[in-house]
Every structure is written in C-alpha cells, then in structure tokens.
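Next come two complexes built around subunit A: one with subunit B, the other with subunit C.
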Partner chain A sequence: MGINFRKETFRDDFTFRNSPENIRRFPFPYHEDAYMYSVNIEPHVPGPKNSVFEHLVDVDEHYVSEMQDRAMVLAEDPLRCQSLPHMTLAGWDLLELLMTEKAASYPEHFSLTREGDRWHWINRPLGIDDTFTFGDVSTLPYGPMEYITRQSQGDFAILDQRDNNLWMDAGMITTQADWSLDFDIGMNFFEWHAPVPLAHEMGVFTRALKYLTNIQQGKPARRLNWTMTINPRLDTSPENFHKWGGDRLTVTPENVGQKVHLRVELQSFWRLPRSNALVFPIRCYLLKMDELVTVPKWARRFHRVLRDLPVELAEYKGLTRYRQTTVEWLSKHDDGAPTSPGFSPD
Partner chain B sequence: MSAGTNKLNVTVTEVVAVNELVKRFHFERTDGGNLPTFSGGAHVVVEMRDGDTTRLNPYSLMSSPLATRDYTISVRRDDVGRGGSLFMHNRVKRGMEMVISYPVNLFSLDLRAKKHLMVAGGIGITPFLAQTAQLASSGGNFELHYTCRSESLGSYTEVLRERYGNRVNLYYDEHNERIPLDRLLATQPLGTHIYVCGPAGMIKWVRDTAAAHGWPDDSVHYEHFAAPQPGTPFDVRLAVSGLEIHVGEQQSLLEAIEAAGVDPPYLCRGGVCGQCETNVISYDGTFKHNDHWLSDEEHCSGKKIMPCVSRFEGRSLVLER
Partner chain C sequence: MKTILSRPVYGTLSPQAGKSHLLIADAEGASAILDLAKKAPEDFFANAHIMFIPGRTGDSFQASLKALKPAQYYEGPSVAAAMPRLTWTLANAHMGLRMYLAGTEGLIGQMMQAAIEAGVDPASIQTEHRGSWARRIQCVHCKGITENVTTQPATCSHCGLLLLVRDHYSKRLAAFQGVCINAEDPTEVPQKEEIFR
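Let's look at the complex of A and B:
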C-alpha cells in the first residue's frame, strides 16, 4: 500500500496538518520528563514498523508538498544550495545513497535501474523519469546534490573530513531552524556550533566530533534535536527572519493549539564511499499542540519539559516570547500522573 | 547500504604470485552482486580464522574504486610478523570463503588539492594504485614517486608505467637511486598535497622533510592503520548480578556482559556518549582505556571503565554491574 501524499502549504494559508496515523509515528524526543543537552548519538538501524525509523530514509505523507515548498525557497534564494568545487564527488555519493535507499524501501514510489554507469531513475510521486550517466554532470538538469535533494525531504549538509575536523563544504538548506548555510559554508564543526550555549562547556562537541570522524561506511548513526515553531513554517531561516520573526508575538491562549508546533529534527550521519565525506541529513517533523495532546503521555511530558527547560536553552531556541502562554495551555492537559519511561505513547 | 553490519562475506576468486614476496588476492561477494563502493586509500580488515585464534589484519584496497565487482589486495610475506601475512600466503586458496570488513578510509585524498604528489615505498604502493585510478578517471593531477628494493621485487611497476607513463617515477635501491625529495618539495605548485605510504622510516623522512620546507601539516598525508587489534582475554566478576564472565579476544567487555544475559545501558558503542560508564569495585592489573569520555584523572583513578571500547589485563576485576 502506497503513501497518501497530502496537498498542503507551509506558508501563507498554512494548510499543513498531520493525519491521525502520522501523529502516532511522530518522533517524540523526550525519554523522561526533563531535557538537557547530551551526546545523544546512537546507531541508525531500522526500527519498528509504522515509526519514522522503519526505513533509514523516511518518506511520509508530507513529501510532495515539502518538495514544492523547497522549490519555492530556491526560486527566491539560490544560495540555499551551495557546493564548493571539491564536493561534486560527494554529491554523486549522496545521489546514490538516496536513490538506492528510497528504491529499496518504497518500490511502489521509486525505482532505480543501473546498467553500468547508465542509470534510470523513476520518482512517481513527483512525476520524474530520467536517464543519466552516473558521474557526468552534463546529463542531469542540476548538480547531483541539488538534483537528488530537490527530491528528498529534510535539509542536507555535506561535511568534508580533513585535519581531524569536519568542514561544511556543501549543503541544501531550506527548512532550517534559524541558521544559514551561506554564513556557515566553509566553517568547521566548532565554528558553526559556536552560538550553542552550555554544550561546549559540557564537552558535548569534542566528544561528538570524535565519534563523527570515526563513522564508518555501512554504519550510520542518528540523534534527535528539537525546537518550536509558530505556524507550520519549514523555512525559518535568518535570511527570511522578517517574514516569520513577528509570528512569535501572535500566540494567544486561544490559538496555541493550532499555531504552536513542536519541531523535531531527526539527524543522521553517514560516511560516503567515494569522497570519504560525511553527509548529515536533518529531517524536520512538525506537530501542532492540538495534535500533540491527542497522546496523553506526550501532553503530560511536554508540559513538564517546557516548564522546566533551562532558560539558556529557551532563549537560544527562541521560545521566550510564547513559552509561558504555551506552558499554561499545556498545564490543562497534565493531570500530574506519572509518565512511563521511554519515547513511545503509552 | 545495510546499516549496522560492517562485515562482508566474500569468496577468494584468484590468488596471483606477483613476485617472490608478494601475492595478490581477489575477493568477490559470496552472494553475488557488487561490493560496496570505496574511495582510493581505503583499507579492509581481513579476518583470518586459524584454529582457536582469529587474526584481524588491515590491507589497502588496490583495485579501482570504479569497479567494485571484486576487491583486490596485495600482501607481502613477513616471516617475522604476527603471522597474518604467512596465513594469507600459505593457507588462503582460490574458492575459500572469508570475512572482511566494510572499507574504511584513513588515507583519503584531499580533493581540494591542485596536485597530488605521491611517495611510495615497497608494498606501500597499494593504496596509490586505487588513488591513481580514481584521479585518472576524473582528470586529477598527480605524480607518483615509487621506490623498490630491486627490479625483480618491484610490484606493479610495469602496470603503473603503462597506465600513466612519465607521471610514474621509479627508483631502485639496487641501483642506488633515491627519491630527490628536497628538490621535489621545493618545486611544487601552490596547492599541492603530498601523500606517503611505506616503511615507518620513510614516512618519518617525508614528514620531517616537508615540515622543514615549511609545508603545512594539513597538506601532508600518511597512511596509518587503526586496526581493531584483538585484545588479551580476561575475566571479570559482575558484583550486582553475581556473575563471573570471560571476555574473549574478539569481544568487547560490553559484548561479554551482554552475552551473559545482563542488559547494561549503551548508545554509541564507540566510547563517546557516556552511557555505558561502569564503576570499578576492585582490581588487580592494568586498564586499557580506549574511550574519549572519561577524563585523564578518571583513567588513572581505577574507579571507572567504559566497557564498549576499553579492556583490562591482570589478575582480577570486579565491576558494579
């Protein structure tokens, strides 16, 4: 059975919403009633059926609409997609990874046939049927990274590995939580993480980098990160701050359920075979407060997490203006009952 | 790409004697199909099962990264080493099934380089065979300087000459020829990177000379293996569960604890996340700490161990687990 792709928007009239089945598979990121940064990295292995971990590259009901939103962002601002000259090979690696994973996991939607370096790619949801020569940029309408990431949900940063560090030398970044590829391009792991509070002092980044530089082919890893977004807007970039910054002042007790979203990023880390680069897909999932409280455990837990979140984190994530209103709204859905350990609904 | 498994079941499809000391081995996937793609400079770890012991030796892939129907490696016989190369030379035959790791690259090309200057000594030529094939296919600019003991012991000199003509420079000890390193280093275009693979003494010579010529560290690359060496087996008492366990040479302490039916916390299994941190109740021996989680003081304190990567050698170890 195929996925039922929704037709919806992430701007203007904001018609995005989750189907009841999609709510159940939301990657709720708190395993206990409190949250603090940690080196939360684990092997990226396939998970339970009907979870976002079922396949290593997840495609869901928002796929087609998210790709339309990406195309609109790129039309206005081509610098959201950049690749330094030495990263083309890594782009081909990424194209191979995403095509083979998608075709293997979703044969009803995607197919790939290879005869030597002649590749035939069919993407049915987006109506694409292309034949090209692997390794020959002139046979594709875009560079390999741009071509495949215009057909893949989530942002992608490709990191070159040199001098025991990672360098952000390519990326497709249109659904980001307030950071900019154009600003970070060419930076290393410590430089682009400089704005993050507390985690440096906790040693999170030195340890994480050691782990990442040791990631081996065939053994990807993952972690979850989260923030919040007002209105289901994918493109919360610094470049467009003037379009969305003001939304944060529009939250009232009456509209929390519809306007306030938990935004979870499923981040994964993969070694690329030809280039030896690392690719970092950042897959964004949005959940409305009205949708979140349909799962009683999540309602109780998110209320407690948001209420007790250290102020440095709340400020960095930009929650300060609407945190109190949202906590009060959530408190009506928290009867104080204990919650079970772990991520999943009870 | 199958996540979580980094072993490949392969069949030896050809064994070729290259010269008196070197043999070449070809591997194909036992279940058919292509092997994983890799980049020039990558190695695989070959598992050699020899009775009760298993040896794990890393060998550079020398076949072209563009053709992954098979992998090839070359092994130089070492009569005084730990026995891995002797096993390969004497015991590995065509048709044999073996287990190798996924490719790992600790010697990758810096693709920003305007030019790649390669220096090889003896069997250290193998990663360059793959790297030159990769660069040649994408129009990369390289120059290889390869020194061998004698013409009869030079491996792949002819193939390289044939493929790349005067981009390949050969030097033979028996003719008293030596790589003119000072001149080479002084005359490279800006943006050149140098790569060296060979005996430890040669690596040091190239690194020191490059440093003396003012080459930045990040443009000098050398092959170094972080091979997963089997550890010495040891015994542990798990005080909380009341179990005595044995940690085999091929097992991590974490794996041995799990094999005993205890379910300890873990996340990364790579010594960085901190989840598996375990208190030591008592010990008589030496810790082999391999993690990046505990501080130096904690490593010296004898009070903690990270069982996913660290080991122990000695008479007794009791853990709070």
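Let's look at the complex of A and C:
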C-alpha cells in the first residue's frame, strides 16, 4: 500500500496538518521530563514498523507538498542551494544514496534502473522520469546535489573532511532553524556552531566532531534536535526572519493548539563512498500542540520540559515571546501523573 | 575580550624567513609594520612591498613607512581601490613570499580573502589588529555589505533594516552577520549605541 500524499501548504493559509497515523509516528525527542544538551548520537539503523525510523530515508505524507514548498523557496532565493567547486563528486554520492534508499524502501513510488553509467530514475509522486549518465553533470537539469534534494524531504549539508575537521562546503537548506548556508558555507565544524550557547563550554562539539569524523561507510548515525515554530512554516530562515518573526506575537491562549508547533529535526550522518565526505540530512517534523496532546504522555512531558527549560536555551531557540502562554495551555493537559521512561507514546 | 569560535584570532606581526615580503595595513595598522621593522633583519625591506590605506590617520604614518625604504611602496584610498594591485601582485608572486596584514578587521579579512583565492595558505599569513574595531557586516536579509559599522544595532546601508550585529563571522565574506533586531515587533526600536570603536 502506498503513502497517501497530502495536498497542503506551509505558508500563507497554512493548511498543513498530520493525519492521526502520522501523529503516532512523530519522533518525540524527550526520553525524560527534562531537556539539556547532550551528544545523544546513536547508530542509524532501521527501527520499528510505522515509526520514522522504519526506513533509513523516511518519506511521509507531507512529501509532495514539502517539495513544492522547497521549489518556491529556491525560486525566491537560489542562494539556499550552494556547492563549492570541489563538492560535485560528493553530490553524485548523495544522489546515489538517496535514489537507492528510496527505490529499495518505497518501490511503489520510486524506481532506479542502472546499466553501467546509464541510470533511469522514476519518481512517481513528483511525476519525474529521467535517464542520465552518472557522473556527467550535463545530463541532469541541475547539479547532482540540487537535482536529488529537490526530490528529498529535509535539508542537506555536505561536509568535506580534511585536517581532522568537517567543512560545510555544500548544502540545500530551505527549512532551516536560524542559520544561513550562504553565511556559513566554507566554515569548519566549530565555526558554524560558534553562536550556540553553553554547548562549547560543555565540550559537546569536541566530542561530536570526534564521533562524526570516525563514521564509516555503511554505518550511519543519527540524533534528534528540536525547537518550536509558530504556524507550520518550513522556511524559518534568517533570510526571511523579518517576514515571519512577527508570527511569534500572534500566539494567544485561544490559538496555541493550532499555531504552536513542536519542530523536531532528525539529523543523520552518512559517510559517502567516493568523496569521503559526510552528508548530514536534517529532516524536519512538525506537530501542532492540538496534535501533541492527543498522546497523554507527550502532553505531560512536553509541558514539564518547556516549563523547566533554562532561560538561555529558550532565548536561543526563540521561544521567549510565547513560552509562558504555551506552558499555561499545556498545564491543562498535565495531571501531574508520572510518565514512563523513553520516547514512545505508550 | 569574550569572542566566539568563528571569529579570527589576531596575533602580533613578526618578521618571517622568506624571499620577499608583502605588508598591507590600514590606518593604525601602519604602527604594527613600524614595530615589526624594529625586529627585522637589515635587508628585510629591500625585498618588501608595503601597501597602505591611511583612512582616518591622514598623513601621520607615510613618512615613517617610506623611511623603511621598501622596494615598493603604495598608498591607496580604500580596500576596493587597492584590490587590483593586490590581485596582480599575488598572481605574479614567487615561492617564498610572506604576507603580513595589520589594521582593522575589515582590512585583514578582505585581504585574507583575496590571498586565499590566490592560493596562499592562510596559516602562513601574519595578522595583527590595530586601531578601530569598526565592523564590516553582511545583512542576512538583502546580502548587502555595510562597512565601518560602529553601533549596535546598525542600519543596513542597502535595505534599511535595523540589524543586530552578531559576533558570528564569515571568513569567506570577511564580514560579521547582521540580523533584523526587531523582526518580532517592528515597533520596538532599540537605541543605537557606539560600541565598536
């Protein structure tokens, strides 16, 4: 049975919502009733059926609409997709990875046929049927990274590895939380994370870099990160902050359930075979507060996490303006009962 | 001074072993070259090229710099004006050229950028900050660069948005990042303070 792709928007009238089945598979990011930074990286291996980890590259009901939103962002601002000249080979690596994973996991939607360097790619949900020569940029309508990431949910950063560091040398970044590819491209791991508060002092990035530079081909890793977004807006870029920042003032006790979203990033890390680069897909999942409280354990826990979050973190994540209103709304869904350990809905 | 990891760390110029030397400074940066000269071997400036952009220091350093008797001396009105000469010099440079940059962060950053583009290893370039801490900022919204920013917040000279000047720095752009400070509520207009002097 195939996925029933929703027709919806992430801007203007904001018709995005999750089906009840999709709510149950949301990657809820708190394993206990409190949150603090940690490296929290684990092997990216296939998980339970009907979870976002079922397949290593997850495709869900929002796929087609997310790709339409990405195309709109790129038409407005092509600088969201950039690749330094030495990164083309890594782009081909990424194209291969995403095509093979998608075709293997979702054969009803995607298929890939290879005869030597002649590749035939069919993407049925987006109506794409292309034949091209692997490694020959002139046979695709875009560079290889742009071509395949216009067909893949989530942002993608491709990191070159040299001098015992990782360098942000290519990316497709249209659904970011407060960072600019155009500004950060060419930076090393410590430089592009420089603005993050607290974590440097805790040694988080030093440990994370050590882990990431040791990732082996065929053994990807993953972690979850989170923030919150007002309205189901994918393009929360700093580029457009002056256009969407005002949304944060529109939260009232009456509209929390529909306006306030928990935004979870499933970040995964993969070694690419030819270029030895790392690709870092950052997949964004949105969940409305109304949807979140349909799972009682998540309602209790998220209330406690948000209420007790350190001020610096709330400030960095941009939650200050609507945090109190949201905590009060959530408190009505928290009866104080203990929660079970782990992420699952119960 | 508290800083963050994307921002370059500047040192103190000191004479390096090399066949030739390219020294570039703006304003008070000239005094870093004069200090280096005190430690330099006798024949150092016989193979040196000084490029100087006096800026706010007017004509207070020219005579002292010329007195070092560099093989080549250049004086220009701005970084942009000096750029063609720098590009030519780097393109025609031989192995063993040593670079020294001194003055404002904007000067150091832009010259560093040009050197990297020309294939110079940035680790081999000596830098020293002197003079103004005025910042060169890129507006994240319109992408325009505003030079010589001394206030927090600052107005983008291209699109007019009021920008928070962050410490986050891009070596590729040789600029700090500016992000709209009142995007959440445009009716809030924080007072500008002179803080980058």
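Odds and ends about this structure:
As a convention for this text, the second predicted complex is superposed on the first by the 346 of 346 C-alpha atoms of A that agree within 3 Å, B and C clash if a C-alpha of one lies under 4 Å from a C-alpha of the other, contacts with A are read in each partner's own complex, and residues count from 1 in each chain.
As a working rule, a residue touches a chain if its C-beta (ideal position, glycine included) is under 8 Å from a C-beta of that chain, and two chains touch if they have at least 3 such contacts.
What you see is a predicted model, and the numbers here were worked out from it, not measured in a lab.
Considered on the superposed subunit A, subunit B and subunit C are sterically compatible, since they fit side by side. When both complexes are overlaid on chain A, the residue A:Pro273 reaches subunit B alone and has no touch with subunit C. In the superposition on chain A, A:Ser340 makes contact with neither subunit B nor subunit C. In the superposed model, A:Ser138 makes contact with neither subunit B nor subunit C. Touching more residues of subunit A than its counterpart among subunit B and subunit C is B. In the superposition on chain A, A:Pro238 makes contact with subunit C only, while subunit B stays out of contact range. In the superposed model, A:Asn4 lies in contact with neither subunit B nor subunit C.
By the touch criterion defined above, A:Ile41 lies against subunit B but remains apart from subunit C after alignment on the C-alpha atoms of chain A. Superposition on the common chain A brings subunit B within a closest Cα-Cα distance of 5 Å of subunit C.
Once the two complexes are overlaid on chain A, none of the subunit A residues touched by subunit B in the first is touched by subunit C in the second.
The touching residues of subunit C, when paired with subunit A in their complex, are 4-7, 138, 140-141, 143, 161, 166-173, 177, 179-180, 183-186. Looking at the complex, you find that subunit A touches subunit B at residues 38-46, 56, 84-87, 89, 93, 96-97, 100-101, 160-163, 206-208, 210-211, 214, 216-221, 270, 273-276. Subunit A meets subunit C in the complex at residues 79, 180, 182-187, 190-195, 200, 238-242, 244-246, 248-249, 321. On subunit B, the positions that touch subunit A within their shared complex are 1-6, 36-39, 41-42, 65, 102-105, 108, 110-112, 134, 138, 217-218, 267-270, 272-274, 292-293.
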